[in-house]
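We just call them A, B, C and D in the order they show up, numbering each chain from 1.
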Amino acid sequence: MTVSIQSSPFDMGAEVRRFANSVSGAGAIVTFSGLVRDDGGKLTAMEIEHYPAMTERAVEAIRVEAMERWALLGAVIVHRYGRLEPGEQIMMVATAARHRADAFAAAEFLMDYLKSRAPFWKKEIGPDGEQWVAARDDDEEALARW
Amino acid sequence: MIDVLYFAWLRERIGERSEQIETDAATVTELVEELRTRSEAHALAFSDMTAVRVAIDQDLAALDASLAGAREVAFFPPMTGG
Amino acid sequence: MTVSIQSSPFDMGAEVRRFANSVSGAGAIVTFSGLVRDDGGKLTAMEIEHYPAMTERAVEAIRVEAMERWALLGAVIVHRYGRLEPGEQIMMVATAARHRADAFAAAEFLMDYLKSRAPFWKKEIGPDGEQWVAARDDDEEALARW
Amino acid sequence: MIDVLYFAWLRERIGERSEQIETDAATVTELVEELRTRSEAHALAFSDMTAVRVAIDQDLAALDASLAGAREVAFFPPMTGG
């Protein structure tokens, strides 16, 4: 599976190993994983909502664009939804290429696009209530570099 | 007949995940005008359109996009995944 | 261990898991792993020589510089030496930070510096003989961006 | 007395991993001049110094660095790790 949208946890180590075994000829593999930060007890949980009919298609479109823009041998994306505790993994991307510049650039591109173009919304739940995470101006600006 | 979907705080403010709307709106802008008249909650949710994004049939679209042939229109805040 | 210079193989998945468990408060983890490319049968093996008395110190100095230059919660480096077959992992770095920009930049910095400032030399062994890998001008130029 | 170490193709050309040198050389440059006279292999290995890097006591150094207090000097080609 090159794109997986799931509520269940994933094993980063196992995913990385499976991905590395699935590509051949790679000289460089880059992975990114995003975790729920433990903001000094201010966060009890993170709730991630998504748009089921759209999510997988939107994420796959971003993946395909990365495959077209860089000389990649493979790219995979796992993204969770639902309730996550601090320290849990939210998502990961992995890219493989012959050379490291392609693998790094594609992984950063995937992250920038997933942040602002994939239909996920995060809500932070804390001891004093809950609130939707606001989009950051610099996340939108990050897209301009590609 | 169009399925209108709401996500995140738009869903919470309007109090519905989705509703079926009988409409002649030709654009998203016209649809939003109609939705605003449905309730105070709708009017509030759509009071600042700079904070609203839209997808037509599961593709991101502009707020003034045409609704020709559209079956599902989703409204939501800027995305915050990753 | 934050720096490991070893001849034995390592399990990327296990290393990533151990690293993720060793840092707290991280929102972003980036890993890079370098593999011996299988250049269409032109490569039988890669032989990596190093300077034992210097290697660990030089690599640790690069790691410390990354920790000082970016807001990192942790960074680890594993680098092998000796004879490696195509497809085998040569090395890996992992970085953890609260925000992804720091984790990505530090991982790229570590790679650029390890390529040109850590005392490793690669020799390619093929069916027609063997030759030392030449340093690439763009590897040296890559340092200029930091 | 200085330990001189060679790596990669410098080691192969000179045919030694290391040698102990009795020298009064004050700088790496002077040491290289002396080493060149030891054999044709040495002269060849040090014929193009743009292809040679040096470390003094396990720290990278400039080719004209001072050898004051140095115990181990290593010569090698540009590094190609990672």
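The rule is short, and it goes like this: a contact is a pair of C-beta atoms (placed from the backbone, for glycine too) under 8 Å apart; a residue touches a chain by one contact, two chains touch by 3 or more.
Quantities reported herein were computed from a predicted structural model and do not represent experimental measurements.
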| item | value |
| --- | --- |
| Contacts common to subunit C and subunit D (chain labels) | none |
| Inter-centroid spacing, subunit D versus subunit B (mean Cα positions, whole Å) | 72 |
| Inter-chain centre distance, subunit A versus subunit B - centres from mean C-alpha coordinates, in Å | 26 |
| Inter-centroid spacing, subunit D versus subunit A (mean Cα positions, whole Å) | 48 |
| Where subunit A touches two or more other chains at once, by residue number | 34, 111 |
| Per-residue multi-chain contacts in subunit B, two or more chains | 82 |
| Those chain pairs that satisfy the touch definition | A-B, A-C, C-D |
| Subunit C - residues contacting subunit D, complex | 34, 48-51, 53-54, 57-58, 79, 90-91, 111, 114-123, 132-135, 139-140 |
| Parts of subunit C lying in touch with subunit A, wherever the complex brings them together | 11-17, 20, 24-38, 87, 89, 98, 100, 103-104, 107-108, 111 |
| Subunit D residues within the subunit C interface of the complex | 5, 7-9, 11, 55, 58-60, 72, 74, 76-82 |
